[in-house]
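Below you'll find the structures, each written out as structure tokens.
Heads up, the next two complexes both have subunit A, just with different partners, subunit B and then subunit C.
Right, the complex of A and B next:
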């Protein structure tokens, strides 16, 4: 009992839960302000709506979870190395473009291989996009947040231009549909989860979660990265090449986000790259996912599903006249509370030490 | 020649909001708090300013009404930035994360507010604020068309804010203290300066200016506000860095960025640029690449405030 209460992970988990509860309460207040008479129905739809849809709802939740699990992994992995990867929107969209380009033009590939190559393309290009902030951080000590923000806008404008020049459907003003051989196979998932477009992407996300978990916890490379994240100076004196680690961490993070872009735009779900000057929201959503998941790959998997669940629930709320943006408001409250988690943890720590003392005195009494 | 004047006038409309918002960032960062929430604060300022004009567009004479709207935009921006200040200063939160929270909140709130209160997501207003020709000054040959025709009161407001900022930061006790809190808060603290208070002041001034900047961006460029300020908050961050955290360098950076925006928006209409055949995407990207290059070159002796992003802990030495 003492061990669990004392563990760092436990108090972090509790502070995540507190953040979620505060976020939801905030959302409820907003909903109550909007339309008190429908508020309860609307809120219930947000909380249990996706489940009420049965397999369809679960399929949708899993489908929308795939990209944000990937960008969440991206942000979380960089966090572990002490880097804040706010460049996920850029990495996501360049990855998406690479996947769509390969999907449209490289039809000479056999059908079983085409979609895999397209995804690998997304993975590589996403990684390349993160090379610049990585190198600048490692060798010039440039704050990666600023350079990533610049790369986001460069990526967005460049992809808009490249889509127009190469894979443009001028009638609909969006990217062309990819060849059928480049669509990620459904593996019968659409039969199990009828009414959703769930595909093998969810398995790829799960594989990546496991892979990142293994890299972080079971390899020397992952150990070195975490060491750099804890204390870069100490890591350096311990003989760890911290520059190499910074660059690699950024590249892997970028590759994960890029793969997320590929997974969305090869899903064959009717989503195309449209020419808008807006950063990809899936990229930014990786930040709350990583924060709630405490940068732990397994945690990120579940927090990705949680945020996706809220998104699906938010869309269902529309039938009661509520706008789905309420979910964004809830998520922002959750992020804000996560930012305050340090204080929450200290506060918990004080409470905890009191509790532990109580337990100790009780045990002593016995 | 008309084209030349047109480009100059357009450059002002793009540059002034960038200037004001970059100065907003300056105040916050000089006090030691990173403010990536500029985009979100701009949105909130623009939302309330435009909403006022939407409802009370004919309440007062146009220019007076604009002043009221600007006050509302600045005030609400300031209030909103209080959230960031509280998290960053009192709660010692990660400033990038709390800024991200504000940036996530703002666009959703704009849509929510528009739909709920005004019944429409696209908040329209009547642009009555353009000044075709300033008496006397506008008639000066050459100078007149460049600076005093087809202009807005807000352009001059921006210039005034620039001078006030310079004086405030470099010529007053307040500015000295503010800078001290951004460079070496422990030293400032031991000299009896309340680091918390100075940082609150920095972030709140930042909120005021960013809120103003949001409205000043929207007014000349559109007649509807649709929950977006088109990434200007982040671009202003680039202006701040490009200007090396110094007011007048920021001014020239803002002019450069504004000029690039103008070129990108009008390159199809300018025969000379059309003949060059450079796609407009190049002009759009140049400001960001230029910022990256500047970052790379000056990083070794960066002009960024040294304690920027570090929560102040009284007990730490």
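Right, the complex of A and C next:
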């Protein structure tokens, strides 16, 4: 038990919790400023609303958490290897398109296989979308932030074009619904969490979390990746092919985001790719998820759920006359404060070492 | 006699280690006081306490007899204490003047006024013969001049107590001489100097008194003039130290490294390595001697694969590795103790055990189908830590960044020697190490040689060159200008070749 309390992971967890509390207090202040009469009801709904809905609420939280856990993993994995993958919206949407395309047209596949193939398609295409920034970073030393941002816009417009050309529902100006065999099975989750559209996607997200954790912490590949992230020059000196590693890291990050896109648009929840000139918000939301989770896959899982919880709770606030924009501001402010977790962790570390000293000197005096 | 600074019974602990254990240090006005100790003896920690970067658990600091509290470097500055860190704290894209005034800027209506500062800096620079150019960009001046900028920073703030943390570790022999002169000037003008080092020659050259620390404990303070180098080193290490390592005559056998007409350099530029050919055989130590910046670094980069070769061939153990990947070279049997341990040698944010395994983690004993056996890696690293006496707070789990420079270096050497290379390229392997560790490393290198390894040593220290080498190749402006036998040459002659004033026709 003592070991757990002293461990690195525990102090990360505590600091994230403190950051969240600060964020919530800050959110409450904004609520008080904008709508004092309904403030407490609204705030309570934000905090406990999803729980009050019972299994439905939990189901919704988990459902909305899936895509941001995936993009959070994407950003976090890249961080660990020294790269800032800000190209998640692009990777997300091209992955989504691949899934939808396969979902609509490849009906020759048996129903048990169809959705799996569609998800694999999303995974692969998302990865391919990150090849370009990866190659440019590795061989031409082009900053991956710039190249992946540009790939976001290319991805968004390309998908808009391709949707119109291939899977267009001209009546609603959005993508066609996928075949029922391509919808991710619910596995009875809709019976447990009635009223939500939760499906097997959450298990896929959990598997990915574990997979990335194992890759980073247990494998030779992860050792090399992190070495490149910390000190590319030393990695090169040690004989690690740092260029190959940069490209691979980007591809894996892209694939995770792409899979996230697939999981959203194959959920059968009535969400379709619409022709809008907006970058997928699930993509950028991966950045705070990764930061709040301190780039640790397990941390990302929980921070994804946390942010999703706030989103669901925020929607419930609208019942109390809060307009969606204000809700968004409040949720963003909370996330914003939560991103202080790293700072708090450092601060905790300093306090802890001071306390240890105090105890030791006291013992010495006696 | 009044003391400027008295540090009384200072105790400072870190998790797992007592860095300073009841240490008392007294600095007289106008003296140069050396602080001598092995790597990790607690010298830097003690000075960081004085400079306000650490708070001691016990003990007080007195200044001119009055107790003072130093909570951070600003307090230290206010009391007139300045410090030149081992790794300089300069803004690289600032000019020299901007760096000097940084943190002590004069302003008028919110705008910087540099004229007064410029005058003061120039006056100080002349008074102490510091020769700096106020308008030069910091990243473009030499390391020696950057250090003089650091000294000017202290003088500009009218500091009277100057701390130098291993100031010579980064300097060339010429620059060291200059620095020694500057330090003498400063003390003649009434500045009191604390000088952290583990180089006995330098202490002999400039210091008045010397306090010795060993493993965090205070051993004693001695008068430098009346104490021999041997006595000082014994105090420091706790046993007698051999300055000249015994070695048998080399028995070179097969050629391991064969370099032919090697050229390195950018396109359309003068070649930094200009048509170099040489061989290294099993069982010998070949030393490349030369003044820093004559192409040694580039030669090593080319051999180790960090820099592409322009022309020529490199054969290692009979295989052409001119264009081989670094991994391939390591596999053929190249070991490399790099010049810059932070840039190349270590991943500072990894635990020590990961760094010890940096060149063997992929081998069968640690790697099962792509999964690393971290328990085995830790076990292996524990062994090497024990064998090479690498000191750190938490053993294998220590984050490498938190270790002292000398112990980081020992970790690299442990890794490279234990990897059993055919050819070991050692670039300044004892840089920043104390005499005890130097003796150990030299013995290890000779042992490796006697076991039939080939060693290519690159060193700027002439003593080391004369001590270890079986053959000396002198490099000057990218060319090998002489091949000397250390038995039949003198340091003076070697120096002449290194300076380019003598040249041998060896082709």
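The rule we apply is simple: the second predicted complex is superposed on the first by the 318 of 366 C-alpha atoms of A that agree within 3 Å, B and C clash if a C-alpha of one lies under 4 Å from a C-alpha of the other, contacts with A are read in each partner's own complex, and residues count from 1 in each chain.
Here is the rule we go by: contacts are C-beta pairs under 8 Å (C-beta built on N, C-alpha and C of every residue); 3 or more make two chains touch, one makes a residue touch a chain.
Quick caveat: nothing in here was measured; it's all calculated off a predicted structure.
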| item | value |
| --- | --- |
| Which of subunit B and subunit C A:331 touches, first, second, both or neither | first |
| Contact breadth on subunit A, by residue count: subunit C or subunit B | B |
| Touched partner set for A:271, first subunit B, second subunit C, both or neither | neither |
| Contacts of A:323 with subunit B and subunit C, given as first, second, both or neither | first |
| Touching partner for A:291 - first (subunit B), second (subunit C), both, neither | first |
| Contacts of A:233 with subunit B and subunit C, given as first, second, both or neither | second |
| First (subunit B), second (subunit C), both or neither touched by A:132 | first |
| Partner chain in contact with A:147 - subunit B first, subunit C second, else both or neither | first |
| Partner chain in contact with A:221 - subunit B first, subunit C second, else both or neither | second |
| First (subunit B), second (subunit C), both or neither touched by A:243 | neither |
| Common ground on subunit A, meaning residues reached by subunit C in one complex and by subunit B in the other | none |
| Subunit C residues touching subunit A - in the complex, by the definition given at the top | 13, 15, 57-58, 304, 306, 325-327, 329-331, 336, 338, 343-350, 354, 358-359, 361-362, 367, 370-372, 374 |
| For the subunit B and subunit A complex, residues of the former touching the latter | 34, 36, 83, 87, 91-94, 96-98, 100-105, 107-109, 111-112, 115-116, 228, 230-231, 234-235, 237-238, 241, 279, 281, 284-285, 288-289, 291-292, 295-296, 299-300, 302, 304 |
| Subunit A residues within the subunit B interface of the complex | 30, 33-34, 84, 86, 132, 136, 140-143, 145-147, 149-154, 157-158, 160-161, 277-279, 284, 287-288, 291, 323, 325-329, 331-333, 335-336, 338-340, 342-343 |
| Parts of subunit A lying in touch with subunit C, wherever the complex brings them together | 218-221, 223, 226-227, 230-231, 233-241, 353, 356-357, 360-361 |
